[in-house]
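What follows is a set of structures to go through.
Both complexes shown next keep chain A, but they swap its partner, so chain B is in the first and chain C is in the second.
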Partner chain A sequence: MASKAQNKFQQDEQRRNADHVSFLKHRNWRWLKVAAILTVILSLGYALIDQEPRPNGGSWYGYTLGTIGLLLIVWLSLLGIRKRRPTPGSWSLKNWTSAHVWLGLSLTVIGTLHTGFQIGWNVHTLAYVLMLLVIVTGIYGIWAYATLPAGLSSNRKEMTRSDMIEALTAIDRQLESAAQPLDRQQSDLVIAALGQNVFYGGALGRLTGSYPGCATNRALKNMPMGRSGEEAEDRVTNLLTRRADQLGQIRRHLRIRALLEVWLFIHIPATIALLAALLAHVISVFYYW
Partner chain B sequence: MVVQGVNLSRGGDRLSDLCKVAIVGSGPAGLSAAARAAALGMSHVLLEKTDHLSDTIFKYQKGKHVMATPSNLVLRSDFDFDAGKRETILGIWDDQAAGQNVNVKYNAEVAKVEGEKGNFTIELKNGETVRAEAIVLAIGTQGNPNMLRCPGAEHPMIQYQLDDPGEYFDEHITVVGSGDAGIENALGLAADDAQRNTVTILNRRDSFARAKAANVALLEEAEQEGRISVRRETNPAEVKDGELVLDTRDGQETIRCDRIIARTGSQPPRGFVEAMGIEFTSEERSAFPKLTPAFETTKPGIHVIGALAGYPLIKHCMNQGYDVIEFLNGNEDLKPADEPILKEKFAVLPGNHDVEHWLDIFGSNVQILEELSPLQLRELMLDSTVHAYNSGDVIFARNEPGSSMFAIAQGNVAVEVNPDDASVTVPIEQGSIFGEVGLISGRRRGATIRADGPVVAIELSRTAALKLIATSPGAARAVNRIAVERQLLQMFGSGLTAQDIAPLVEASEVMEIKAGQKIIEEGADDKDVFIIRRGSMIVEKNIGGRPVFLSYLPAGSYVGEMAVIDGSARTATVKAAIKAEVIRLPGEEFMRLLDAKPRIREKALADMAGRRELNAFIESRKGEFDGAVDMYSETAAFLVDQGLGEATDVLLIDEKLCIGCDNCEKACADAHEGLSRLDREAGKSYAHLHVPTSCRHCEHPHCMADCPPNAIKRGPDGEVFIDETCIGCGNCQRNCPYGVIRMDAKPPKKPSLLSWLFFGSGPGPGEASYSWRKENGDPEQPKQAIKCDMCSGIEGGPACVRACPTGAAIRVSPDKFLTFTKITEDVE
Partner chain C sequence: MAFLIRTVDHTSSGKEIVRDRTIPKTDVSIGRAAENDIHLPDLAVEQHHITVHSASDSSLSIEAVGTLGFSLDGKTETSAQIAPGAGGELEVGSSRLTIERAEDGVTLITITQVETESDRDILRGFALESALPSKRAMSWIFAGIVLVALLAIPVATHLFRTPVENDPKGETPGQVVFDSTWSTGELSMAHHSLEENCEACHATPFVSVQDTTCLTCHEEIDDHAEMPRQAKGMAPFSTGDAIQWSIAQTLGKEGPLGCVSCHTEHEGPVKLEAASEKFCADCHDALDTRLTDVDFTNASDFGEKHPQFRPAFYTAYGNDNPDRVSLANNPVEMSGLKFPHDIHMDEQGGAARMAISLGKYGAPLECSDCHEETDDRIGFKPVEMEASCESCHSLVSGRSGAGFTNLRHGDIDDLREDLMRLDRGPRRSIVNGRTRPGQFAQGGRYYSNFGRPVASYLSLTNALRPDGLCGECHLPTTTNGRADVMPVNLPDRFLHQGYFDHAAHEDESCTDCHAADTSKEAMDLLLPDVESCRDCHLGETAVKTEKIVPSGCAMCHGYHTPTMPWRPEDHQNESPANLIATLERIKR
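Presenting the complex of A and B:
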């Protein structure tokens, strides 16, 4: 009993001694090493084993490669389930991600060797192409995960998403009363700015960060630049500038988030398509044995 | 009434107005007392300052679920009480007060009490007087709101509370007070333009320093828009009909005013109570009146019960109301209602003795309990556990978390002082205490303790022990002396005896250090040595004109010995990271000890060498990697600012790795009944290192300070958790400086992950939206406090860390993380 408690304490102490290590470098590049060794062994096998009549998915070595590839693909796709099930146990999602990334990359070699470089217009090649599509989008994902988060953090400046929206609402309330003394044309511009949806712009705007129809910017362009002498106008210009800055922060946040997520819209459907194509590939292979 | 008066009059002397007992305050305690008096046919009057019963519960928000803990305590009262909605409970009490002929006098606020036992005169604010032979004070701890300090302070247009800001129209309203309550009232009154109120808020100072930043921002915004007139450095000078005269920086000014909301805080009832001649146990703010077992104060004839006596729970209050009237009625055999609980507690002890027997033994055998009255001892036992150990049993083991303190009622224990050799032990004898280091430092147990022969020991929970130390000066002195002695012995390891260090203990001094206060200043030539016994310190050195963070010293470390040993000036500055307690050892005494014990000197020299190396290392790096040292120093200062100095286990996110997927929050919610205990985005960051809003599991948790049912505890893995006895009062949420506790109702169970994945049923992984919870949940589910429990009992440890896909989230302890390598290491 006491020793069990002692073990738990030592485990906890080890955890409390943790350090920030990225998923790529996890456990001193463990999964990179595993993937590299796997790839090298299978490539050597491909080169050295004499496959008759020629290297092909249907030879015994081809079947071996195919089985390894299939098992890897099925297992890699289970990351989506693992991520959403915080069951007890000493698993770590970082460990899973690390393995997912490096073993997934090794599939480019394993899958290609499995084809025996025989490409054609058939369901087998469809599965191969889908696999490559999944891997290519995954490579983008690695790039995004490795480079974008720092920007997300510096843009946030300790504000949460709801803080940003609240800050905008506060500016809007002030704008509304400040715009009362303005003439018709100017107040219409302010009303248009206030009326425009914060999330206006659609998917393209989000990804590119370009919002040509932004009513706040339009209103700002039509206000007199510099100090006009009119107190009300200056106040509105000032508030519109603050509104544009706040919108800018929100939009930069959305853009980075979108760039971090956009690839998943291909990666995941392509994975599901890949699993379906693999099923067709396997059934057809056994059907026409 | 007339008939009654005639009946009770005797021989011309109008005894009718001298009742047996006057009960002040109609909360649960006062009501229950009045009900008992009514049931016994004792002449009584219940004085209530408002126009309704039980004002504290009356002021709860509508529909609040009131809890009835502790569940094992039997309710002994003529009134009923069970957990339920505020309205139901108040309704039952109103009915029962009427049905049982309780004599209530409403709008009867006591101004002054005069006279002696047998003939007290109670003067009310409205000028009436009430006479009684005895008084029971059941006034709670809320106190009265502070009045305005200017002529006209009694004017009827002044009110001290604002229930519904929506009910005032077309009025000129002035809010006095610059705290959150005042600001929130002013904002509420000015929120809707359609009410056409002219709202002014007065602030004595020129800034709103006492209020929450968010409230101040809203107020400034309202001021800019002209919705609220904010007057700074302004005081009310006089209240007149429809007008308020103001003292401003530029002289007096009169404004129109139809209503004044005064929110200038409230006066705790202590002053009022002391004015009657009642003594308190100490000067501490947390002290209670001195009481006999029959709740009588030092002023004969006046009794104190309920929250003011230190019992904040409704059931306790009601039982005491019953008991105090029984005592007044001459019932001396009444066993307290806690008898069955104590009986159950003591059942584990050998010999089948009754409760009295054991209380007697505890009171006479244990040194720190000597001063306690039987009532205090009983109360202490309610918060404590008793244990019987066989010879050789482990009472607690080294490195176990634990903040309770043990007292030995019978037998001896042995302390294993050497971690590598269990056979080296030091005895602690009957009557003494152990475990006090855990209590004071908040850190893990320093040694394993075994029973040496059969032992009966009392384990005082942290709350009980702190209460004991606060109320009994003798106990405080004894604990202190033992703690200093043991800390010295533990620090220097084996080979020293209590006699060796006796002069040092005698000369030592316990000092309280405020956060940021320096105990050692670089360059000074004082020679004292300090042991940090509570809190933590940081060591800084001035390099190139700037303070550079050198190291972090947790409780249990000592500092300052370098200067003693080599006679040099102080090489670095040591200051408190958080509020701390140190033991100051005079340098000469320390020197004498080292001279007598060469082995101790060796150990000190070895420690010194380690620190010297670190200093030299940082100084050498300073030249080469200026940026790295600055970065290290500033990041460490930031982390200490964020509460790492008092943390034991804290979540840190590296924002260079965090993709913002919130999987940590989702995993937290799914591992804990569907509510997340962390807010990833909120919280401060420095150089991409983010401290999210999540529990730090402090060494001395602020949340534990004021928990009526003592529901907040430290668990076996060091986690601070809240158990199911939580009554949802929200004290912990208010007391937590890091905002990590939320109040929420347990949500309904979600459909499984696969049915969400394939059929889209339910809200999916993570915390369900508020609307989903509201729609599918049980509306009767009470709101309780929830916080991180470090996923204790869940295999694999904290779900937030396990569920992070990129390695951004880690949980660390400050002593391990606040080091040069950890902080400056780059992440790839």
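Presenting the complex of A and C:
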């Protein structure tokens, strides 16, 4: 009885610990080990098995590498389906993700050996390049997920996204009423600042954090600096500065998020294009056998 | 110091109702309890939630009474200051209190209800998704482009093309669109013109390139050996190769003896390379274990494992066909000729004296005086009596006008005829200036040669004797009861399964390899053996030095035509017409 309880405790403890282990280290680096062993064995095979007249995707070893690579690619790309169907168990999502990452990395070696280092402007190399693109963006993704969220958190200063928008809206409302006494030219600057979408700047602006067309900054630049004596102008300048600060926080948030998400916009379409290129690769090779 | 409280409500139709009241105090309490100065009937608000204190410098301090804070300008606070003259937005529960400064130090607080804006919609803007095309759309587009351009179009244009006959010149452009994107690499230089015409070789979908397709242009190519024997003689495959071949052949690929299994294509713009020593050794290293009935031994390395040469020549007088005998068996050539090379080559001897005295030579005899290279500089033309021997071994039989008459060489009947004519020639008259009269004179009806039978009348027999005229070089024999000479059997070519390039050895002297200067008999077979070749030529893996030439099999042997080695100059412009010319030259 006691030992049963002890077992249960240990199991629970294990589970609790496991919940806080990175998917990279899952099960004591299980998938890193699997991927490393696979890579070493296949590389040794490539080095030691003589392929006549030269290593080539069409030798028996080349077909073996190609088959392993194809199955891995198809399986690893199924993570996109698996993650949408939560089913706990030994094949947990963490397990899948761990396998996805480590086996995905091993594909750089398997795929390269399959090419026999023969590269050209053709559908076969297209598939290889797409595979590398997927892997490289995946590596970036892991780096991004490991490092960027901390910056996201520190930038927030305990504000939620709605808080940030809310704060900006509040400033805007005040700006609108504070700007009432301003002359036409200054009013137009304020109107432009207020009228510009919070998310103005597009993907490039988000990624670089550079917004050369920012109407708030333009308005600020054209408002008299320091105390002009005009109370209304000072108040508007003050509010515009606050607006710019608030926008700055939002944009830092946007930048980190964009850096955090951008790899998926290459990783996913490149994966689907890779599956299409693989199909074309396999069919064309045997069509023109 | 007073607060002007303005309450803005909306009717159900959206019309604004504005109510103002003034609280002449420095402190205003805000809460759900009715006794508050500003009463907010909202469950999210505490009974006593906030106190707003107006200081003497007209700055406002806002303090939360309880533990719940408030939101000032979007930030959640429990305590805040608003500078004199500045405003702010205070949010408590669902109410928004806009603080503004009116005239005379009055603070205007406008109370409105917060419109419950759809947060979700605006929050979507935070995701990068809102600034980029959707991943799904991009995936479909890219995959679609790949599948259409790189798969559907080539397949469709291949399936619906009108097949044309293969064009050996390779000038017919391909009909299949975009299939060059399927090419795994450039074609070899010989096939370069087919670069855009994939279907010339890849004729049928999912059927590998067939030998018959290759042979539509390369029709002159010979098999290395009979196919079943080649198959039997091949070295066993590795397990991997065996599995691959069995699968591939099940699916209709030509076997390991098919053209493409050696002539792999799409390896870049390369010239056809000579086969490596290993390529040959794969089968020939232990061939006798698989083909037990071959009459040649194993070979894998010229320096270490190569059989002795077995030239083909005539081993007995008058044989119809030459025999192949290994040089290891001290072979004797029975050509039917007498010819001591040493006498002819001795620079101090009689032959040399005679040659010096003759304008044609003017010097002691050299090999090339008799042995003339063929135009391709591979072999030698047959030695002809008239051109090479007759200057000294004269067949002059008499005078005729200004010159001499010769006995014809080569046919006993011609000789007999020439000798007869010789006998019937006019006798020298004994006395000058006198002739027989009338019909008895020379040319007359009754003319007769009354002289004794001249020696030459019998000289056919004499000539064919060992010490006679013919016997100088020939052996006498009897054919059908008549005197004759032994037929001369000298092969044009001794080594038929390999090849020797004399041009490549022009820096050597003939006697370095052919011991002609010491040969006393025509029976000596003056061919160098494999050991003497090994003075310079060792296997492909040998280390190249000033003397040693690493020599692969292809230096002397060809694959499809064993008598012709692989020569790069034959493959420079491998148009079929050129190839046919090459093959015809080989046949000659």
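By our rule, the second predicted complex is superposed on the first by the 250 of 289 C-alpha atoms of A that agree within 3 Å, B and C clash if a C-alpha of one lies under 4 Å from a C-alpha of the other, contacts with A are read in each partner's own complex, and residues count from 1 in each chain.
Keep in mind that, in the parts below, a residue touches a chain if its C-beta (ideal position, glycine included) is under 8 Å from a C-beta of that chain, and two chains touch if they have at least 3 such contacts.
Not measured: the values here are computed from a predicted model.
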First (chain B), second (chain C), both or neither touched by A:V34: neither
First, second, both or neither for A:R161, with chain B first and chain C second: both
First (chain B), second (chain C), both or neither touched by A:A244: neither
Of chain C and chain B, partner touching more chain A residues: C
Touching partner for A:L152 - first (chain B), second (chain C), both, neither: first
Which superposed partner A:A258 touches (first chain B, second chain C, both, neither): second
Touching partner for A:Q174 - first (chain B), second (chain C), both, neither: both
Contacts of A:I283 with chain B and chain C, given as first, second, both or neither: second
Chain B versus chain C as contact partner of A:A232, first or second or both or neither: neither
Chain B and chain C footprints on chain A, overlapping residues: 158, 161, 170, 173-174, 177, 257
Complex contacts: residues of chain A adjacent to chain B: 2, 5-6, 8-9, 11-13, 15-26, 81, 83-86, 88-94, 96-97, 144-145, 148-150, 152-154, 156, 158, 160-161, 170, 173-174, 177, 257, 260
Residues of chain A defined as touching chain C within the complex: 49, 53-54, 56-57, 59-61, 63-64, 118, 120-124, 126, 158-159, 161-171, 173-174, 177-178, 197-199, 201-203, 206, 231, 235, 238, 242, 246, 253-254, 257-258, 261-262, 264-265, 268-273, 275-277, 279-280, 283-289
Of all residues in chain B, those that touch chain A in their complex: 217, 221, 224-226, 394, 397, 399-400, 649, 652, 654-660, 663, 666-667, 670-671, 679, 681-685, 688, 690, 716-718, 753, 757, 765, 794-799, 801-808, 810-813, 816, 822, 825, 827-828
In the complex with chain A, residue positions of chain C that touch it: 71, 73-76, 85-89, 98, 100, 119, 122-123, 125-132, 135, 138-147, 150-151, 154-155, 158, 179-186, 198, 202, 205-209, 238, 240-241, 243-244, 253, 264, 267
